[in-house]
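Both of the next two complexes hold chain A, though its partner changes from chain B to chain C.
== the complex of A and B ==
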């Protein structure tokens, strides 16, 4: 790439970015023409349904395979006795993102719902009935469910390789310097992703090539992971995942039913479709693990933190480790000379947790923001003033400068919009005209702004239109649209001139749609691919004696509206189509990579920030809670598509309300079976739960995160919102939430 | 799913003949039965779809003044019927507070009466449940039972009936019109659902082979239309079963309660008619004190069946609140969030 383009540390995006473009796949989705994985039905396809363990801990001692096989339409039953070999030990965790999975390797039941057999049938109905007729019986031991059920252990790491223990500064000295300490203990329950689209897979083999239609958040990355189970080269796996009906982290890693479906397809020589029922999503596809968090805040006489210790016991399964890195939420939010973030693990007989929208940050921020509210009250300060007194000018954990941080403006704008001024310090002071208790609470939002690695390809065609390609994942967040906007800007074309191909593992690797880094990562690759095309075009034009741009030497050219302009004299320009035609080229291809500048990554702390303000109305006798207003203000770098960004931020805030008031995966304490494994019992918020909800964005220029200045908006909305609502409930009622979701009996 | 025979009779006689098979089940809107079949909780050999039975999709006034609602009338249609909603506003409010719009469009009046408890252990074929499998035990006892019964339960079963609709019906003295091999009969709605006792597997007064043909509401029930409310506490604003709910209808004369009709939902295996509280309230001034006293009577025999003692407090307070709301007068228009304490949107109904 010529220096003209690479040397700009912060690139001005073109006319497509920044527009509230309606999602390009919207019509296809609402008319039903968008093909989701389970919509595929190849010739000769059969159905697979797995039977789940009815108890969480024990040994499967009976499976009535004869009854299942005798049912009309049932083709075969796969059990540990006849399951074909896998090329990789499913308990090996061979790769960083691979979890241990239950694929009939033995007769152990390690959690309720773990696959104990797979029924193959000509119809879905026959497969379901076959699975029911298996009537699995488990010689069960009592399940370990809950924090008291096993001894905590010290984990080597939490989350995806994050340190389990981080201490900065002198904790003892910090607490010694405190005028007072505030201690808070908060429990959060298991939560289940419950994407609208259940996990599904249609698997077919063509010789030793495996073709998969399955929703996937990390399309290219998953190919070698599938391949490893079947002993085939990664390039022999083809994943098609054009649309995901929500992912939230649960479609980023491979799960057991998927592998069983692939095995069944290979064994039968027929395409196999497997779609999880809603109740089957409470086990083998991950969840947000429960936490029990203890915070101790030391504050001096002026309301400044002197020490902050945050300890989280995180629940994981009995056989694998994914620990919610909840305490780490305290490492980067508030200035404090001594911070300790530590974790312990707690083994439950439950499916292994995994990443769920804002893993660690959601649970950790919920507890931290509640603790900060108590500390503000103890210090006699307004919660916003208290947070401003403890504003972190540099990253508290590392001391590094922030790449950008417009949090102060978020506080100001959010507070102004909400009307925070004049809030009484004491709880129970406000009532509405109907006598309901009114409370105001707030929380700080924080989420990392990571970049992974992505590649993209852009091909300019003879007519001046272009094809851009990268295997991005649109899980509803709007990747089809926002990434296309960036790609068009990279090419200097209007969005309508660009055909965006995505969602297929044969395309360049777009990395993972997770960690709120997809737009930044894949977008950077797409932009850079477009710029590569423009640079090559410029070289053609400058070298062409007949071109209006000929002889411009090293003077920069600008790409816009399908033309190259001489920057210094815009009367001199040439269209892309003419440049290609003059050069006798049918097409011109450019490649791009999206990766963070290592120096910036090393030197800067990179986060999105925000502030959420909540108003609740609480019935004084019956303690029904209504969130009457929820206002968030967020600084997340360059906003590519304000409409989609707002939707993402609002979605996060909706999740925050669900976390605070609704979501709770309940497991029977004796058997470990899910008690509310459906959408009637597992409550997520409904439209009627929202009266007024608003997400604002604050302009933020960030020359370090990436050339586009893009951070992420997918997860930050949850953080801050949970605490804001819980703190508002306290402000209304004087009662502090000690567990989520807040139940009416906790307030009575 | 288990294979089954599907019949759609055209006449009542055909339907009753088809239902003489002990493994047959009748189908209304299917909003509960189909779920139970998918869960493996119900496994009928024969489904008898009542959709084509003539004359059961009507709301009519009988010569004696009774209102008769056919079993096939959809919940949404009944709630939207102007005459019905005006005469029995708290019934309409209860209907609209239940489920979701999509479910209400499918669900029928007869099916609502026949719906099974949503006790998670009843719905889990691997759990012990005396209601589902007689004599197998009750895993809800000692299990996750925040939502379970505080009235009328037995050690054999602590489940609650989930209906909103049936709560005001029980209060108003509605009757179920039942047809069977030996003719038709009427059963008071407050006794239609059976308390568990020793035999929780028998959920309703329906004998084998019988179906619900219609609901009947006495003419006198319309006399409460001016002061009638249904309020429902739930864990989200829509699409959630009641934690507890209450129906209160009052006839107030000169500031005195001449008559009261009260019932609670979400507290027992049946919609809980509060007859003693009704009697105690009659003749008392329509004041908060009277309502609190009556509510206290209604819950005087309540006892937690697990981690649900809070429901006793809530039910008592809610019943008193609902009486107060009824005393304030039935709203001229259906609230935007029917049955909700949270009705503050001022917008069109979208619950």
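== the complex of A and C ==
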């Protein structure tokens, strides 16, 4: 495998990458010894629990602080009246990723569940009871919930800086050239991340230094953001985040309860632990905003798209803006001479949305793939054939070449594995032995392959082993393992010889674990740090008259298994330890940076691709839906760890099923309160939902995304799966989904 | 008011003077006995992250007050296997990559161990998936979990037959 692996990329990776290495943090996780933020309990620690607004949009008029303070064990209650000053206006959005937060700046409730007071107590039990005794009351105006509740507005941008309006080609001419048009309207609800680990923080001050145990997807980037609230230098903030119990986007930006906990710790002079209750995760920590999407597809007599317009109204809060960039999913997927992707915003009295696994792409591709399925049927074509006829050889939005695109192979492999051939065109044609309606559907997966910026350090030690360091975040995707594999290859060492340090803000900045770009970004930094070490080591050896490598040219040396070899004559080699010893050095440090080549970024469109095929079985009387098979095939560049990449892809597909059939945050239209704000009411997929699920990868060499050829696998799995399941439901029942999740009553 | 209770946790007897009757078994394990391997995901019995074995049976530790367990024999993830070794369920979880973030994992493993010990796993995957559905894994490692439980169950049965 290593040889095949190396030949796929334009640089030689070593023998560690490409192996299905078992998770290096696996033993810690299966024995319960992995410490998550809430597992920390420093000496003299107290507990904090916040009380939330019982209704959205109004003024807090009653708060029984006396009752809370009278409760045994309660130390203090923080309210807008006594809350210590912050050095930064929480409504300022002083930084691009700093959302407006509710940290007791006034007595206004802007969404149900927004913190209105913080109880500090000696025990968790006392803090919980104290928060209950506060019994906050809000003089509420009617909440604005739903797309009809306020006038849509034109946003300057969507997501984090994505264009709100993109039009390529001549839309009018495109629709005029169409033999027929297909119009589809689809709604998606608020969805909540619900990582298994509730947001937690243990905050302690040492003078003007703030030490935080808190799960964080962007560890170094968050330090200045915390610091700004307390008027301290960024280097005075120390974030420790070795394990995240899931993030999915919800642990990438700072949230209000975290800031309140820091304030409480400073005020009391004691460490403070604050852990959100599950129901408290339906408000202050973001969610996937609801969308209402309208698509119009023009198709000619040959089944080719002539125009594609995708308009998304995206819900955000009444006071801040994060708009799901849903329509932009149509910009890069299918060839079409005229594409329009536009957005409007809709203000609801709800917590501000944020990035949630495949923000934009998940909602947008769900609608696009449903629309494509309808168009295929209208054209009388098999859905796969229809997609192949509209295969984009270049990026439809920009006209640029793709850095790589093995989507055709994904279609072929996925269809073959699934057994797609012979699928009847018309719905309602298949039944299983139990009389259930059987349907097959498919969807195309697409996700950007971004890189951000990361730094890493590698230090070779006298014994020939190394320590590599970068402040990466492993929220389950496998960074502890895949990044260590890359780092070992950069150094030319076996994985066992490399100590990988991560998850701490004192280490070099690994950038954000988000956008499916962490392995590419932090991995590139680690690899180049290792290569820096090797180059310095080679310089030492070549200059050493006693070295077997003395006098060789700089390019003529290769690093492998802890030795430098003369490329032209591999019998001449020296071990790292010997080279260091000869040079009289105790250690040797190299640094690396992970950033995309700007020329490649400019010239190429970079995406991961895939195809998902679904089979559903629907009860003919009750219309209960079971997904009996889900097969995905993905092309995501170089796969560093096939085992963990498969798990990531499967996880994304699991989210696709949740999106299609389960997940729906319901808010009371009168008060704005979450009606189903817990895991009994907000349904996420469980084990029984999956009968057969499979994720395949196809080889893909990409010399442009980065030197490693790595794209990302964290989010793409969700994108094709939603549409595939919805389309399979149609194929079984003849009923088209007009909203997600698909309800039984939608099929009656 | 304090109430004295006796619990055996992972083989060690604890005589505890509880000063607060509201303390749940989960919070007792985590905050007072320092056994933080058992996780709190919802505190409402909806997610299974806090699953422990009480007198050999699976229990969501968040749904029981500590005082209700006076005299009980409790096993948590820390005590599932002797120090330095792994329980067959743990081995199978590692092998099948049956977890990602790891937060639900102790609960999944305790649930699986209980399921197998109770003989409730049957032989077919459908029953295993159903039996494990009280344990939510938001990362979506369900296939690995089901495969791991099946393998551990097979091993347990082979050993029992031998």
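Please note the rule applied: the second predicted complex is superposed on the first by the 737 of 748 C-alpha atoms of A that agree within 3 Å, B and C clash if a C-alpha of one lies under 4 Å from a C-alpha of the other, contacts with A are read in each partner's own complex, and residues count from 1 in each chain.
Keep in mind that, in the parts below, contacts are C-beta pairs under 8 Å (C-beta built on N, C-alpha and C of every residue); 3 or more make two chains touch, one makes a residue touch a chain.
Just so you know, these numbers come straight off a predicted model, no measurement behind them.
Visitor: Tell me which of chain B and chain C touches more residues of chain A.
Guide: After superposing on chain A, more of chain A is contacted by C.
Visitor: Regarding the shared-chain residue A:643, is it in contact with chain B (first), chain C (second), both, or neither?
Guide: second
Visitor: Classify the contacts of A:36 with the two partner chains as first (chain B alone), second (chain C alone), both, or neither.
Guide: second
Visitor: Have a look at where A:687 lands relative to chain B and chain C in the superposition and call it first, second, both or neither.
Guide: both
Visitor: Under the stated touch criterion, which partner chain does A:594 make contact with: chain B (first), chain C (second), both, or neither?
Guide: So A:594 meets neither chain B nor chain C here.
Visitor: If we overlay the two complexes on their shared chain A, which of chain B and chain C does A:653 touch? Say first, second, both or neither.
Guide: second
Visitor: After the superposition on A, what does A:748 contact: first (chain B), second (chain C), both or neither?
Guide: It touches chain B, and chain C stays clear.
Visitor: Touching A:666 in the superposition: chain B (first), chain C (second), both, neither?
Guide: In the superposition, A:666 contacts chain B only.
Visitor: Thinking of the overlay built on chain A, is A:248 touched by chain B (first), by chain C (second), by both, or by neither?
Guide: Only chain C is touched by A:248; chain B is not.
Visitor: Counting only touches as set out at the top, which of chain B and chain C does A:159 meet: first, second, both, neither?
Guide: A:159 contacts neither chain B nor chain C.
Visitor: Find the residues of chain A that appear in the contact set with chain B and again in the contact set with chain C.
Guide: 125, 129, 277, 680, 685-689, 691
Visitor: Mind pulling up the chain B residues that touch chain A in the complex?
Guide: 1-3, 38-40, 118, 120-121, 124, 126-127, 139, 142-144, 146, 233, 235-241, 243, 310, 313-314, 317-318, 321, 337, 341-342, 344-345, 350-351
Visitor: Touching residues of chain A toward chain C in the complex: what are they?
Guide: 22-23, 25-36, 38-39, 41, 123-126, 129, 194-198, 243-248, 275, 277-278, 475-478, 643-644, 646-648, 650-655, 678-680, 684-691, 693
Visitor: Write out the stretch or stretches of chain A touching chain B in their complex.
Guide: Result: residues 54-55, 72, 125, 128-129, 132, 277, 279, 434, 617, 619, 621-622, 624, 626, 628, 661-662, 666, 668-671, 673, 675-676, 680-681, 683, 685-689, 691, 743-745, 748 of chain A touch chain B.
Visitor: Provide the residue numbers of chain C that touch chain A in the complex, in ascending order.
Guide: Answer in residue numbers: 20, 22-23, 27, 30-31, 34-44, 46-47, 49, 76-78, 81, 86, 90, 93-95, 97, 99-106, 109, 126, 128-130, 132-146.
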